[in-house]
Every structure is written in C-alpha cells, then in structure tokens.
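What follows is a set of structures for review.
Here come two complexes built around chain A, the first alongside chain B, the second alongside chain C.
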Partner chain A sequence: MLSIWKKIPEQIKRLSFLVILIVAGYLLISPLFIPPDFGKYGHFRASAVEEIASQQMNYVGHEICANCHEDVSVIKSKGYHKNVACEVCHGPAFLHAEDPGSATLEAPRGRSYCTLCHEYLPSRPTGFPQIVAISHNPMKPCITCHDPHKPEPPVTPKECSACHATIARTLSISYHIYLPCTRCHETPEKHKINPREFTPSKPSTREFCGGCHSIDAKSDKGIPRIDLATHGHRYVCWQCHYPHLPEAK
Partner chain B sequence: MRNNESSEKQNRRKFIQHFLFACASFIIPGIIGAQELVRKVGTWVLKNGYVPSEHHWGMGIDISKCIGCGRCVDACKKENNVPKEPFFFRTWVEQYRFLENDGVVVDSPNGGINSFKAETSEKNIIRSFFVPKLCNQCDNPPCVQVCPVGATFKTADGVILVDKEYCLGCRYCIQACPYGARFLHPETRIAEKCTFCYHRIIEGLDPACVEVCPTQARIFGDLTHKASPLVRFKRMNNLSVLKPSLNTEPKVYYANLDGEVR
Partner chain C sequence: MEELIYHLTNILKEVSGYIYPNEIELHWGLLIVIYPYLTGLVAGAFILASLVKVFNVKELQQTYRLSLLTALSFLIIAPLPLLVHLGHPEKSFEIFLTPNKSSAMAMFGFVYAWYLMAVLLLEIWLDYRKDIIIWASSEKGIKKWIHKLVSLFSSDISERAIKFDKKAIKAITIIGIPSAFLLHGYVGFIFGSIKANPWWSSVLMPIAFLFSAMVSGIALVLLIYMVIYSWRPKGINMQCLDKMASYLFYVMIVDFSLETLDFIHRTYEAEESIKILAELVGGKLFVSLVVIQVLLGMIIPLGSIATAKLFKMPEELRKLIYFVSSILILIGIFSTRWNIVIGGQLFSKSFRGLTEYKMTIFGLEGLLVSIGIMLSPILILYVLTKILPPWEEVRNP
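== the complex of A and B ==
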C-alpha cells in the first residue's frame, strides 16, 4: 500500500488534495443553497408549485354571476351572446363576486367595445356577423338599438353581407356583380336568424352555370358562352372559376 | 498452452462479471430511485385536494372559429398581471394574409390586444385567418432541458411552470424556446410564460383565455378524461401542432392550421 503511495508523483498528490477539498466543500456548502424540498417530486422545488397554485385569481368564471344576476343570465342564455362570458364585457369580477358593494363593475357602453368583435375584417371567418362601424348607424351607441345581453338586430338583416362581408365585397368587384346571392344559393329566410340550422343550398352541377353560359342557353346576349360538352372536361365549373370572382384568365 | 487459454477465459469471464456488477450498482439504485419518485409523485396532493398525477392538460385551437377580437390577450394580461406594454405576452394573436402572388403577410399589432384594423388594400388577398399563440406546454420541453438550476420544470400533470424564487433570469430558456413564448419580466427579471392558468385549472376552472373566448375557438381539457371537449376536438378535426419536426410534442393542438404557420 505504502509503496503505491510512494509511486504517486508529488504533483498528483497535491492535486488530489485540492480535489478532495473542493468535493468536500461542495458537499458541505451545497445543502445550504439547495432548498430542502428540491427534488422531492422531480428536478424542481416542490413548494414552487404550491406558490404558483395560490396565485390570486381575477376572473371568477361565468357561472357564479347567475347566483345574484339571475335575470340577466337567463336573458343572455337565450340570445346570440350566450357563449360570450359576462366578464368579457364587464372585466375581471373576482372581487365583485366576493363583495359587490365595494368592488363595482363597469359596463362598456361605448361603440368602440362592440366593434372589437363586430367590425368588418376580411380575416374573420365567414358567417360571423360584422358591420362597418362608420356607416352602421353612426353616432349612436350600439346599445340604444341592441340589448347587449340579447343582441338581436331590430329587423332581420336583408343583406347577406351582414355575415358574409368578405364574399359580398369580392362579388361586388366581379363580373357577377349583378347576380344576387340568392340566384345561386336558395336561402331559407331562417338562415339569417339561425344560420347553422337552416343552411342555404349550393349549386351542384355544371348545368347550373350552363343555364346562363352554355352556347344554347336562353340568357342575356352579353353573357360569354362556352360549349358545355367540352369546356373544362369533367370538372365542375367552380373547380376552376371562383364563383364569387369568376375570371376567364 | 491449454491451461493458459482457459485461465484467460476465466479472467475474461471475471472481468465481464465485475463489469456487469459495476454497471448494476449504478443502474439499480437509479431504477429504484425513479420508482420511488413515481410513487411519491402519485401521492402528491396540492392544497385543495388536487392530485397532479391524475391529470394531463391540453388545449385545442380551431383556426376557423377565431375572430381575432383579442379578448384572450386582454384577459391573460389581466388575470396574470402581465406588463401592459407591447412585447410582453403570455398569449397573442397573429393575422395571416395570403396574397395572390404567393406572398404572405403576418402581423400582430400589440399582440392583437385591441383587435385588428381593416386594410384598404385587401383586393389581392386570397385567404386570411387569425392564429392565437401561447406556450405549447411541450411534453418534451427544450426550455426545461436548458435551465441550469431547475427553475422551470414539468409537473406531473404536464404543465410547464416557472419557479419565481429560483429563476436566475439567465434567459437560456428564452433562447431555447422555438415558439418565442417566453419573455423576461421587465421588473422581476424572471423568465415568464403561460402556465395554462395553473391557479385556475386546479380549481376546476378554465384558463382565462378560454373563459373569455366568444366563439369557442379555444377548448381546454384533460387528455386523460374521455368525456371532455378536448377529446371530441381531437376526434373530429384534422389536427396539427407547431413545428412538429422539433419533437417537442406540444400539447396545444390546432385544427385547420395552415402549413405556413410556424
């Protein structure tokens, strides 16, 4: 044993002394810096989860409002805004639900709040009701005509553009500008009130477009003609021509 | 000669034996330790009786339902006291516009918190939609891998959290996140991010962004419970995740997502 010790070069001995010192120092000191519950449930401080879990809540959720505002909740549950949570418009209400007397809520009575959702944007999905605020009954707050909790249009919108604004705008700059939507889509009147339940029809055959565009069709003289038998092979017309912006290029 | 060979064989056998023993002495305590940890995690109960190991949270986002109203961005900031200034977001909404000439325009003014403005030059847009984004709560999170001190971690229910007391603010995780979902809080100097509103979900509530979404474009749920809106969402839609090639295994699932979105 001693002979091995003698064989070890001097510098290695010193170095190993240093290494032992560092390791021992680490073992002694590191517990002081690593919290006791570190590693209990994984490579993290277990109590951090408790701390995060006890963060103060600001939104209480839509269910609790009904306890004290039953009237509004019942009205809202039947209208178009049934899926729009109360706190979307009235702001976070945790404190209000705890103590309604001292923590009061605001109501967004101006026009600018409704337009966050309802202003016309081409990126919005088709079917979502949109308006152009500067031309839709300007100057008056929206809530003079629409109950925010049950927002029905005072009269059923006549125009399809109310909910299909992007398509309507596209169509209005196309060759088909003079074709009313209902020429191609048979639309039940109820579609404008309950759109997903009563869906309009869509053209399904080549002959439909052929009714105006075929060489032998009895339609207006100015309409460009194609030979239904050969034009466009077996495909339906709208596989090549977008019907709301038909182009022959 | 023969003798020599057999003793050599014995030596080799001994060596292999010892080697395997040495390996086992490293591995077996590891296995036992891991089993012990799994057992302990199984008994882990948070203050209100919530057992993390019984849940596995995820979110579904339906692109075709998002109207870009930005209420989620607003609610997230209010719920979690995220700084009001732009650039600090736990969730935000991007607008994608595809042009006729194959160009793509992506923007997100102030994270979409005040919704978007209608553009006048919309003529050559052929398709356009909104994409809400947030921390993807990866099952294989790069941010956790790079954290030098264990201040960001995955809990037993799959949510990635940040330890406010323990975070050094070194920004490794911000660099590592492929989704840009993290930021350094300007005052506390902590690398923050979405927690799926951990303080809400353990109480059985939805995250704030899901609570305020008016069109149910955001769906939240437990992947281990079969009767949950999220499971239907996964059953009925063509799903994709962001940057699947990175193998981060996100738990935020997108329906009707365009391949151009990353």
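== the complex of A and C ==
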C-alpha cells in the first residue's frame, strides 16, 4: 500500500487533496442550501405547490356564476361572447360568490371598456366586429344598443366600412370611389351577421373588369381602356391592378 | 413610468411595418452580445495555445503561456455579463446545487466549471509549477507566499516529476480542444436551437460560432503579443508573428466559407422569413453586417494579410498590416455577435415589421457597464502576468 502511495507523483497528491476538499465542501454545503422537499414531484420545491394553493383566491370561474345566474348564463352560452368569461367584464368574483349580499360586482358602463376589443385595429382579424369609436354613435354607452350577454347588433351595419375601414379609407381616394362595393363583391345577406362563414365573392373573370375597361365597352369616355385579347395574357385583372386603388400614384 | 413611456415612444418612432406589442423592446441587449464574444476569445486563445503542445508548432512557443493567461483572464469574466443581465448573482450557485439536466442554459455552468477547473487552471498550474517553485525559493515577503500558495506548497522538481508534468499537459491539452469546442459550440448551440427564430435557428450556428471564436481568439493574442512585446527588451519575434498571422488567415478562410455557405443556404432555401431578413440585412443591419462584419472585419484583413504574405513585404509593413488587421478582425467579430444577438430580435415574428434597439449609457444594461466588463479581463491579465510572468527569459531551463 505504502509503495503505491510513493509511486503517485507529489503534484497529483496535492491536486487530489484540493479536489477532495472541493468535493467535500460541495457535499457538505449543498444539503444546507437545497430545500428538503426539492425534487419530490419534479424540478421544484414540493411545498411551493401548497404555498401557491394557499394564496388568496380572486377568481371563481364562470361555472360558479352559472349556479346562481343561470338565466344569463344560458343566454350568454349561445351568443358571440360565449368564450368571454363573466369575470372579464365584471371583475374578480370570489368575495361575491362567498357572500353575495355584502360584495357586489360592477359592470363597465363606459365606452372605453368594450373598445379594448372592438376598436378598429388593422391587425385584428377580418370579420371581427370593429368600430371607429370616435365616429360610431359618439357619447352613447355601448350597452344602450348592444346587450353584452347576447351581442348582436340591433341593426346590421349598413355600410361595409363599418368593418372594412382600411379598405374604405383606401377606396376614398381612388377612381373607384363611386362604385358600390357590391358591384364587384357579391355579398350574401348572412355575411353581415356571420361574416366568416358567408364570405363575399371576388371577380373571377377578365371580362368582368372588361365590362368598363375593354376597348369595345359601353362606358364613359374618360375610363382607361385595354384590348382584352392582348393585354395581360391569362391573368385576372386584380392580380396586377389593386381594384381599391387602381393605378395609384 | 413616465421614463418608460418616454423610452418606448422613442423606439416606436423607429418601428416599421407591423410588429407584435412585446417585440418593441429587445430582451437581450449589449450584455448578451458581450457574453458570446468573451467566451469566443477564450476558446480561440486556448486553441492557439494547443497548437504549441499538441501540434508541436515551435514558432509559437513564445505565445503559449500568454495565450493561456489571456484565455484564463477572459474566462474569469465571461459569465459576468450573464450575471449582470439576469440579476441576483447571489443565486447563481444554485444551478450547481440542483442541476437541471434538461436546460442547456443551466448546463453551461458545468461546461464552464469543467473548462475552468479541469482544463485551463490545471494546464497553467502544471506548466508553471516548476518555475513557481524555483521563483518562490529565491523570493522574499508576500510574493514568496503567494507563489508557495499557488504551487499548493509543492516542492518536487525532480526530472521524473517534470516529465510527468509535460505528459499531463499534453493529455490535458488534447482533452482541452474538445472542451474549448464544447464551451463555445455550446453558445452557438443555444442560439441555433431557438427554432422560432429563423435568424438563429441553423445547425451551422455552433460550427460558425466556433470558427469565428478561433479567429477572434488568435487575433486577440496576436494583438496583445504585439503590444506587450514591442515594449519588452527581446522585441517581437517575426517568425512567431508570421506563423500566428498564417494560422489566423487559414481559420478566417474557413470561417468566411462557413458564413458564405450559411448565406447561400438561406437564400437558396428561401423560407417565408427570407423577405424580412433581406430587409433587415439591407436596412438596419447594413452597416454592422455588410460594412463592419464582412468588409472591414473579413475581406479587408484577409486581403491585406494575403498581400503581405504573397509579396513578402518588409518587416515593419507586415507588422503594421497584422496590427491593423487584428484590430479590424476583433471589431468585425464583435459585430458578428451584435448582428446575431441584436439582429435576431429586430424583426417581428409576424415577418411583417422591424423594431429598433436603443442602447442606454447608464444602468446595468448600459454602455458604461459593458465597457467596464470588456476592459476588466485586460486588468486581470496584467495582474496575472505579475504573479505568473509568461516571458521566456524568466522561464527556468
């Protein structure tokens, strides 16, 4: 045993001593810093679950609301707001559920709350009901016309621009401003109520635009004309020309 | 709050196209640019040192210890930008206590510790051991005790012990090369595996990081060597300098080819992100990528070193070319890190817009802290050369 010890170079002995010191230090210190219940369920403190669970609850979830407000819940479950939880508008309801008498909830009455979702924004999906609040019945609270539990417009929008504001603004400076949208887009009546399921059409033939723009079309003199037989090969006109702002400069 | 709004309003003016709200401000700033830059310098400097021991490049003997000390001083500082960025440095040791094996970022602690303790410190200790013992025997006062402590009170300088040291150093260097690859390849791995970001997500990333690391590390040692040795009595050894420049040139060619390959591959693949990336490269990153990284940091140094070698220019002119080239390369590689880290966050994941990075001067994420972090390895290197002088003339035969 002694002969083996003698054969080990001196520097290795010293290094080994240092390594043993570091490893021993690590082993001694680590239990002091690792929480005893660490790793019981996963890479976290097991007691963290209880700590989080013991925190004061604020929200109860829409099922609890439905226990007492069944009538509203039934109406809402069939409307467009079926995926908007009650507490999104009425606020945290835990205290109210515990003691409905003393803790009452409020509903937003102002215009600014609904517009958080319904103000016009170009990045919102097409067909999502959007308004430009400044010009949409100014000063009138939303709930006077719309029932938030069954949000169907009392009158369906007369103008396409109610939802398609960007296109309407683009069109306003275009030569095509005097054409009604329905001249080019055949629009099913149900599109106004259910816009994504019933979509309007687009012109699918070259002859459609040719109705005004071909050489032999019977239309006003000032309208630019082309020979459909030679112009643009087989492409549909709107593949090259943007009809909402044709030949923009 | 007002300050925050002012800050965001300023950035908003620079936003173009459509971006998601959480993309206005960048999450990773200048500190995260510095972090891969520093680890790259470490890996590069170590690989230069390994050329002497593993590949027996005799001309570079003079730079061996200098490279090791440079690698060590930059390695000590390398995690600092991360700690400053994350905050709570006092909690950092917890990643060692409860290692999370499924987190690549948490595993960095172990890669770092392995590289520092099992490779770099060990190699330096074994290489210096004999010299430290001899220095300590002839010194007095505090210096003697520092050297005694650093040598772990070792005293065996018999021929057998020295022979063992040499063998051990070679073995460590051989282990050290893949370790250095691991250290810096890991940084590339982190970026390369962020699959949601088309600017980062590339299998070439770890390899490209590695070669750019070698380029920057060799350039750094070359620069430090030229600065220090032009003041030392022995002066610059041209053979050594030429050899270093040659290796720098070869590695740069590989690095340049890899980056070109990446560029061609991206252009050919032309995924849906290509348009926004083209807009990024042609717009917000034009100066830092095309001008600084590619032209100043790569093409000009490559061209000038090639010209210096090809036309066998006079010594003084060669020195000037190497000096300027290495500075340009260091700036160029910094720009590479900038373009990867900052560039990857400038475009929206909607691929429809670009945001802007506004660097602050004060504060933990600011320019001043970053400059301090970048300069501190130089200070550490100065202290290290006082304790462990790397000069040939103080080396004991």
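Heads up, the rule we're going with is that the second predicted complex is superposed on the first by the 174 of 249 C-alpha atoms of A that agree within 3 Å, B and C clash if a C-alpha of one lies under 4 Å from a C-alpha of the other, contacts with A are read in each partner's own complex, and residues count from 1 in each chain.
The rule is short, and it goes like this: contacts are C-beta pairs under 8 Å (C-beta built on N, C-alpha and C of every residue); 3 or more make two chains touch, one makes a residue touch a chain.
For clarity, every value in this text was computed on a predicted model and none was experimentally measured.
Taking chain A as the reference chain, the count of touched residues is higher for B when chain B and chain C are set side by side. Once the two complexes are overlaid on the shared chain, A:18 sits against chain C while remaining clear of chain B.
In the superposition on chain A, A:128 makes contact with chain B only, not with chain C.
Once the two complexes are laid over each other on the shared chain, residue contacts for A:38 go to chain B and to chain C alike.
In the overlay built on the shared chain, the residue A:3 is in contact with neither chain B nor chain C. Residue contacts after overlaying the shared chain place A:204 against neither chain B nor chain C.
In the superposition on chain A, A:30 makes contact with chain C only, while chain B stays out of contact range.
When the two structures are aligned on the shared chain, A:58 is found in touch with chain B, with no touch to chain C. In the superposition on chain A, no contact is made by A:102 with either chain B or chain C. When the two structures are aligned on the shared chain, A:67 is found in touch with neither chain B nor chain C.
Residues common to the contacts of chain A with chain B and with chain C across the two structures: 38, 43, 122-123.
Taken in their complex, chain C has these residues touching chain A: 18, 93-94, 96-98, 100, 102, 122, 125-126, 129, 152-156, 160-161, 164-165. Residues of chain B that touch chain A in their complex: 37, 40-41, 44, 46-47, 50, 52, 64-71, 75, 78-80, 95-97, 114-116, 118-119, 122-123, 125, 128-130, 150-151, 153-156, 161-166, 195, 198-200, 202-203, 205-206, 208, 211-212, 214-216.
By the touch criterion stated above, chain A contacts chain C in their complex at residues 9-12, 14-15, 17-18, 26, 30, 33-34, 38-39, 43, 122-123. By the touch criterion stated above, chain A contacts chain B in their complex at residues 35, 38, 40-46, 48-59, 61-62, 81, 83-85, 87-88, 91-92, 115-117, 119-125, 128, 132, 169, 173.
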